[in-house]
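Take a look at the structures below.
Note that chain A is present in both complexes that follow, paired respectively with chain B and with chain C.
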Partner chain A sequence: MRDGQVNLLCKIVAIMVMIFLVAPLIIIIVVSFTPTALITFPPQGFSLRWYVNIFAGNTKFISGLINSLQVGLLATILDVFLGVLGALSICRYNFKGKDILLNYFTSPMYVPSIAFAFVLLQVYSQIGGINGMARIFIGHMIIILPYIVRNTVSVLHVFNWTLEDAATSLGANPIQVFFKITIPLAKPGIVSGAILAFLYSFDEVALSSLLTSPRFVTLPIRIMNYMELTFDPTLAAISTLLILASLVIIVLMDKFVGLDMFMKN
Partner chain B sequence: MATLELKNVTKIFGDFTAVKNFNLDVKDGEMIALLGGSGCGKTTTLRMIAGFTEPTEGAIFVGGKDVGKIPPYKRNVGIFFQNYALFPHMTVFENVAFGLKLQKLPKAEIEQRVSEILGMVKLFGLEKRYPRELSGGQQQRVALARALVTRPTILLLDEPLSNLDAKLRVEMQVEIKRIQKELGITTIIVTHDHEEAVSLADRVIVMNAGQILQVGTPYEIFDHPNSTFIADFMGFSTFIQGTMGGAAVEGKRPVTCSGKTIYVFAEAAEGIEPGSACVLALRSEHMELVQEPGENVVEGVMEAATYKGHTTRLEVTGCFDEKIYPAANEYIELEAEKPVMVHLPVERLCVYKNNA
Partner chain C sequence: MDRKRRAFLLALPASLALLIFFIVPMVYILVKTIATNGFQDFVDFFTDPFYLDILWTTIRVSLISTFVSLLLGYPTAYFMARTKSRMKKVMIIIILFPFLVSAVVRSYGWMVLLGTNGLINQLLLGIGIISEPLKMLNTEFAVIVGMIHLLIPYMVLALLGVLQSIDPNVEYAAYSLGANPLQTFAKVVFPLSTPGIISGCVLVFTMSMTSYVTPKLLGGSKFRMMATMVVQEINVNFDWGAAAAISYILLAVILVIQLLVTLSTANYMKRMGGGKNA
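On to the complex of A and B.
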């Protein structure tokens, strides 16, 4: 009897959570096709004019997108390099303080990004001459590193290191072992970490808003600035496109992370 | 194909000596088993031969050449790993072809050699499968094929039968031996299982605490271990304390155990002074239950009986201070306190000095 009640409660909560998660997304998508200049629900008719508006030069969304992609991709690529090496050294070797090192690598995750941005701002002004893209790039590179380290470590934690010995005994030198055995097998962790890191950089607001300069503005900051001045369905349209892009990335990630069944020997 | 020689090899990790002054000579095509419990240094020895760790002292010679300066990927040593270590992201074909591809052999030759070796380990039609799609026995064959396909000079087998069920064990044991003889490849087996060592190797080396305790043929090691430690390790079940008697009569010497006289062969008791403490050791299956009293027949009472399928293992008290554990080739029902007579065959008795 009581089990039944608990069960019902659980179901209701679960359904509510799902509604609250999905409903805003659906409304945004529907509203983005409205022809009126004000956001109304349900929309009065159908129009793609707000989508066209995204690409209009004066909104500068496209240049923001390009900036965001530049920062995100560059920071991710560099961090994959650094993060994978860091994760490998932590998992492969036994040394004093390896747990501390792992926590050090992942510490940017626990520091509020606004506090971190504030410190970084001080550093920039002390050094001087750091402007444009570098200001945001350096910040992003630091705060997204934990995602790559964490995900790679989680795969390497269960890595069967004997495989490296096996490859070595078959004539593979250390470089061949690394590229033919270690990296392919760590790939699910590296790829999922890289995607998470990129996504974090792509919609990062707090840090970017403090570090941004008029010469280099990322897409989230563009959207925020636009919202302060005009509140029209262009925002819904661009949000819809971003949701779509995220969906594509999630599907890709699922495909790659789906590979982790290879890890089970 | 080559000889293998270890000269005064010592390996020290920090303040732990894993292998101590180890000397070994392996003939071309010989199959040697390193037998010992965990931490006895057998795996460290294997890793030194493979080149994964360097000896602290001493040298390793393959075909008469010091391999100390040769990195592991140039040693051409085939290794069969205990957990198989098959590459999970590669198919059976890719796993076996891995070493050949690194040698940059022409594609046709790689394919030919892979199918040849897969035929030798009796794996057909599974080339496109991934390791996780294979049974344990099949994975093991792939691992063996992969270790052999590069035609290594030395083959190292790490607990080759330990992960298999009883039926597969026998099958694989025959296979490994057949392939090893067919290829004439110098082979080292590392194992903690005396059956595995005895059934596969030409020569068995018993190790403990990084040192060699006994070297001998499987028969010598199995039936005539040179210490109670090895006897215990080789599955001897019954150990009886006693005092060595005087001079030999008709090739036999008496031993007094708990007031009873047991005869042992004089040659088995060589070097043990009359009057000194000694230990008799015996396997369960070598003791027999008898109906008539006689030489080396002792009386006791049954305390426990464990049926094991083809034998029944008994626990008998009252013969000596120690319990004895004879085994019978039939089903025996436990009848507590039932008197039994047990014959300890003189030709089966091993006798050791009691140093304790």
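On to the complex of A and C.
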């Protein structure tokens, strides 16, 4: 075959890109077991002291983790409610301005999160008295909404609405139709959107770093603050745990929703 | 009209949330900035070489990162679209990782590698290629490397969708009509994949224009891009007017790019004789 060389070239580039993408992550995992404070490669021995340090030291990573989980879960649950209803209104009914409504729902994607963070910061300082968690929660709730709307719409777009009519003609009431037909069939879109939205919130930095208050700090901000003071392998240890958690999530996603749902850009 | 009312009611909660917590604040602060200081903050931005330099740095870093991501991402996506081997699954998992692993963690990996006492310097010193550690961390180079690492997956995903939809038989037809691989690429594959190239480049370019974590962690305190400058104006200079100007200028740049692309792709689709789904 004449295109053999082209394919070989592409294959080499592809493999190099994969190595480039994975290398820093593998190195983090390896150096997290290093016994010395100075990172060397390969590590001179094996130790779990940096993992112990996550829990024992005054890193406050665990309280950061709890805060991040709280904000992420709350924002995701609320947005699943808002986003799924919004997606239904766009896909279920025909009306003028459907495209405009979809653009409206996804508009936070086009706004730099740092600009939105600055705006919220100014509004908060004018209103006053908005506590730690609400400051970040409001921001996250807005910027993750597009992911849920978009993924749900992508499923409802190819939805066979006659199924709903069939259920109704068989005697189901609207609430039964919604929970037994519509929601189960839209589930892959809702679940994949919710996972993406949660992860976005969990990893979010730009917004949180401006809106954070000493009483409520999320995990990524804790890690960045720690980094500025101490650059020891505790960072590698907490990073390794986050990488492993991501691996678990990707395996679960593959099993329950299929990775295709996450590849629609 | 009952159906219309139901659609309205379903759309209401999300619409209200966006209106109250997003649209109104964005407009209100813009109006307030202009009401208190006129357009002075914006004029200052465009007349001060310091700020213009930051804007130019942001554009330069974004252009380089986008270009390299396309250069490396295209062959990768092409290989992934055509291969039937089991490697494809592994590659997809590696590509999907950016959605899952925080930018802080990924930047940390590059800090470990590129630092003065970092692993690359240790290696080069150990072999004896260099006698003094190279300064790689806290430079524009480090930011670009970290940025490409973050952005390639998005580029590959955008290209993969389009390349997978090109029938390989079209390429075989070109070969059998006497085209060489280069001609086949230039006249068949490349034109058919332009929508993916455009959407990938726009996505990656805007992400890089607005990025905060990577320039902050890999660029150091003296390296400034638009997003990091917003935070610096607020936390270090206490100049809220300047922060507002930078925020809204960045927003305007992103919106103009999106608008231009939407208009030009609509045009392109029309010329190609395709409808919405072409």
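Brief remarks on what is shown
We take it that the second predicted complex is superposed on the first by the 253 of 265 C-alpha atoms of A that agree within 3 Å, B and C clash if a C-alpha of one lies under 4 Å from a C-alpha of the other, contacts with A are read in each partner's own complex, and residues count from 1 in each chain.
Just so we're on the same page, a contact is a pair of C-beta atoms (placed from the backbone, for glycine too) under 8 Å apart; a residue touches a chain by one contact, two chains touch by 3 or more.
Being a predicted model, the structure only gives us computed values, none of them experimental.
Judged by the touch definition given at the top, the superposed model places A:F198 against neither chain B nor chain C. Within the superposed three-chain model, A:D165 lies in touch with chain B and out of touch with chain C [touch as defined at top]. Legend: residue contacts after superposition of the two complexes on their common chain; A:F137 is shown touching neither chain B nor chain C. More residues of chain A lie in touch with C than with the remaining chain of the pair chain B and chain C. Contacts of A:I114 after superposition on the shared chain: chain C is touched, whereas chain B is not. Once both structures are placed on chain A, chain A residues 262-265 are touched by chain B and, in the other complex, by chain C. Put simply, chain A touches chain B in their complex at residues 160, 162-163, 165-174, 176, 180-181, 184-185, 261-265.
Residue ranges on chain B touching chain A, taken from their complex, read 50, 52, 71-79, 81, 83, 85-89, 98-99, 102-103, 130-132, 146-147, 150. Chain A makes touch with chain C in their complex at residues 2-3, 5-7, 9-11, 13-14, 16-18, 20-25, 27-28, 31, 38-41, 81-83, 85-86, 88-90, 92-93, 95, 101, 104-105, 107-108, 110-123, 138, 141-142, 145, 149, 196, 199, 202-203, 205-206, 209-210, 220, 223-224, 227, 231, 235-236, 239, 242-243, 246, 249-250, 254, 259, 262-265. Those residues of chain C that touch chain A in the complex are listed here as 3-4, 6-11, 13-15, 17-18, 21-22, 25-26, 28-29, 32, 72-73, 75-76, 78-80, 82-83, 90-97, 99-106, 108-113, 117-119, 122-123, 149, 152-154, 156-158, 160-161, 171, 175, 180-181, 184-185, 199-200, 203, 206, 209-210, 212-213, 216-217, 226-227, 230-231, 234, 240, 243-244, 247-248, 250-251, 254-255, 258.
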